[in-house]
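There are structures below to look over.
The two complexes that follow have chain A in common; it is paired with chain B in the first and with chain C in the second.
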Partner chain A sequence: MPKTGRQPESAQPGELLSQLADEGETGTLYVDGVPGGTVHLIDGRVSYVESPAAPGVGTLFTASGRLAERTWRAAVEAGGADHRVGPLLVEQGHLMQSELELCVLAAIYDAAFFVLTPDAVPVRFAPGELHWLGRVVEVEVAALERETSRRRRVLDEILPELSVDHAPVTPVRRPPVQRVVLTAAQWELVVHADGRRTAADLSHLLGRPGYATLQELRRLSAAGLLRDTMEPDPPSSGGESSGEPSAVDIRSAEPPPAGGDKSSISTTAAIRRQGGPRRPRHAAPQPGSPDGAGSLPATPDDAFLDRVRAALKALR
Partner chain B sequence: MADMDTALKEAMNIDGAVGVAIVDYSSGMALGIAGGGKDFDLNVAAAGNTDVVRAKMRTMEMLHLNEEIEDILITLDTQYHLIRPLTGRSSKGLFLYLALHKDRANLALARHHMRRIEADLEI
Partner chain C sequence: MALPGAVGASLVDCTTGMALGSAGAVPGGDGEAAAAGTAEVLYAASARAPFASARPHDAVEDLIVTTASGYHLLRTVPVPFGSQLVLYLWLDRPDGNLAMARRRLAEIADDLMRTPPDAPAGSAA
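Now for the complex of A and B:
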């Protein structure tokens, strides 16, 4: 990555973005952290945003069947160097201007939700660096910020808990109710949640916006139908629960997010969870779950289990 | 080759149009708006009407009505509100929202226009 611009600094991405917008800058803002991403500015307005947690326009168009994979790749090859892939697709008659605009707008707001975290993270601005998509739409930074915080609020209204946002998810083995009604979108998520895929994996796989995926996962989690893979199924008869540490215990020991600034608390927690014990949690086996065992590595990580047990004992 | 603003402006030319929005109904966000004003916030209307569409879809599922919604009409004292889910491959999950003055609008014509605008938004 070129280091032409300002040195990396730690800042709230939204704040820095507002400054860059006020100065009418053109270039790319790199945002580190989890999931992180890039914000692309043209004359102080946002022309595109990318994040690993949100499928880009290419995925959205090809997954919906609107564009053939081949068509998309050819356009990226032909127009990428000149930063005009979007306009090229319209000129060649593959897309209408309006549908391109709609899709790019949706992708911008979707990725912005993940990139514009309320936390300070390492950021770097590369002036003059353009995105290959080119100029399709322009969004004001303030509008992006407003919408992002509105989305955070809506998400927390569904379920103010982020266990399914970043971790691999899995459907529960026994639904907590007699009768389950799912929408088509929820069904697809349940079918593809194999205990290894995270929300981001699922949205890329299904070509669904990342935010819409989070919403559905939180709804399913609120209904008790889906859970963070490493969180054991609630014991059906209270049988084996005695010595086994459970993710639920750990979480409920955390203070619940307080009314005012929910979003920032949730995000810090998310980053902590993602960055910290993620790998060992992947490797840890599911105690006593023959159904789930197939999708998990067979070798138990004893050292990690011991650590969790010790931590839980200390909590008591 | 209509861009989105043109399509929206065209919608505002419909007799009696007060405001129009293209709304993403998973997030409740208006991707584009035209018209509206101080006493009629289209962004708020967009978010709220998302719940209307979702409720109607859920009801149809419960009734086992295996049909698509062409449009939803809400009649107020002085206004009509028309909601039209878009069906194109890349615009699935979006709906058009149009508010009309009741005494100046021709409902049949407005519905006809909405259909044309949808065609303008996608091939």
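Now for the complex of A and C:
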């Protein structure tokens, strides 16, 4: 039942979407603005959402190495016209239904965070227009709206400031603390934040959800480790009284894991001064690091170990 | 529910704190809050506690919280793309078998993401 396309109007995307859902519509809602995107409806339920700020299913699967580029491209070519790229990948045995569903679900909520802005923006609905991915999962509009506003709240709890959300980001040249602990996901961002890439660029490059990237960037910004490139570098609190510039020595307890964010890594950034440190080095002991091993709290004395051994023995 | 003593279970996306699916009851009765809390606990264990990164390529596999009346099991699900998922299981203490539940949860986690054995060459890069 094709209808005539509605004229562009200015509206809150979520409001119009709820209306379309109530009417059981099928089609595509185009949302203008920055970053904007599209919401795809089948019978009043959301089947997919796309936004330039959020990597799509294809990027998520290929950037992680789960699907080869050519496998993905072949599926889009073969199944795009019939709007069934997703189901085709499962039929051909490239993906399991469960992982496709999880990935699509994550991508829908991720893109919706950017598309469903609380502001009124130009929107246009194209009835009957289907997405090439096809029907994989269905999400209720109300659930999408609820989750989107929850995520907005969580983000503001981390740091109520938008500066690192859209602008190119860069790590500060000198950390404001002597010991820096990063998760693997944060490390990836710091390593790839080159002062030109924005949150959206980093998400696509690393194949990480856009919202997860914003979360980590805000955490890093809140810790004073990363900033919007346009901002001037904050003055270092490391004390540069000596004429000799401080050497920043990033000592990694272990090499960064090759495969994703399963584990977290810890790095110690110790600011050394020429002519001997003013404070003893045990400020940041690291097990396994040669420097930390000799300092005070890193190795417990033997008597302590004996007590622990005895206590454990008593448990059996 | 297949496991004796199981009160509730859910699958949580820990990168966002969102429940992707759930069955049975949730502690506190608020699914949204429970999912966000579950994500925070896993984050604390994997990102804040150094024991999760004691060795290269090590990672949190599961977390077990015991209370006077129950067992709470969290099992991480390795996902190749983007997110970090965790399976959560709430067991009643008098009827639950912790060891059995832990094994079953690990099986479920593996099944969720197992690559089909007949995948044609070239599907994985």
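Heads up, the rule we're going with is that the second predicted complex is superposed on the first by the 231 of 316 C-alpha atoms of A that agree within 3 Å, B and C clash if a C-alpha of one lies under 4 Å from a C-alpha of the other, contacts with A are read in each partner's own complex, and residues count from 1 in each chain.
Assume contacts are C-beta pairs under 8 Å (C-beta built on N, C-alpha and C of every residue); 3 or more make two chains touch, one makes a residue touch a chain.
This is a predicted model, so every value here is computed, not measured.
**Student:** Would you check which partner chain A:G207 touches, where first means chain B only, second means chain C only, and both and neither mean what they say?
**Tutor:** The second partner, chain C, only.
**Student:** For A:Q92 in the superposed arrangement: first (chain B), second (chain C), both or neither?
**Tutor:** In the superposition, A:Q92 touches chain C alone.
**Student:** Have a look at where A:P52 lands relative to chain B and chain C in the superposition and call it first, second, both or neither.
**Tutor:** After superposing on A, A:P52 lies clear of both chain B and chain C.
**Student:** What's your read, chain B or chain C touching more residues of chain A?
**Tutor:** C
**Student:** With the two structures laid over each other on chain A, which partner does A:A68 touch: chain B (first), chain C (second), both, or neither?
**Tutor:** Second partner only.
**Student:** Under the contact rule defined above, give the chain A residues that sit at the interface with chain B and also at the interface with chain C.
**Tutor:** 60-61, 64-66, 95-96, 98-99, 102-103, 105-106, 109-110, 147, 150-151, 154, 181, 183, 209, 211-212, 215
**Student:** Could you please specify the touching residues of chain A with respect to chain B in the complex?
**Tutor:** Touch residues, chain A against chain B: 60-61, 64-66, 90, 95-99, 101-103, 105-106, 109-110, 147, 150-151, 154, 181, 183, 209, 211-212, 215.
**Student:** Using the touch definition from the top, list the residues of chain C that touch chain A in their complex.
**Tutor:** 13, 15-18, 20, 32, 36, 46-48, 50, 52-60, 76, 78-85, 112-116, 118-120, 122-125
**Student:** Where on chain A does chain C make contact in their complex?
**Tutor:** Chain A residues touching chain C: 55, 60-71, 92-96, 98-99, 102-103, 105-106, 109-110, 147, 150-151, 154, 181, 183, 207-209, 211-212, 215, 253-255, 257, 259-266, 287.
**Student:** What does chain B use to touch chain A in their complex?
**Tutor:** Touching chain A from chain B are residues 1-4, 6-7, 22, 24, 26-29, 31-32, 47, 57, 61-62, 88-94, 120-123.
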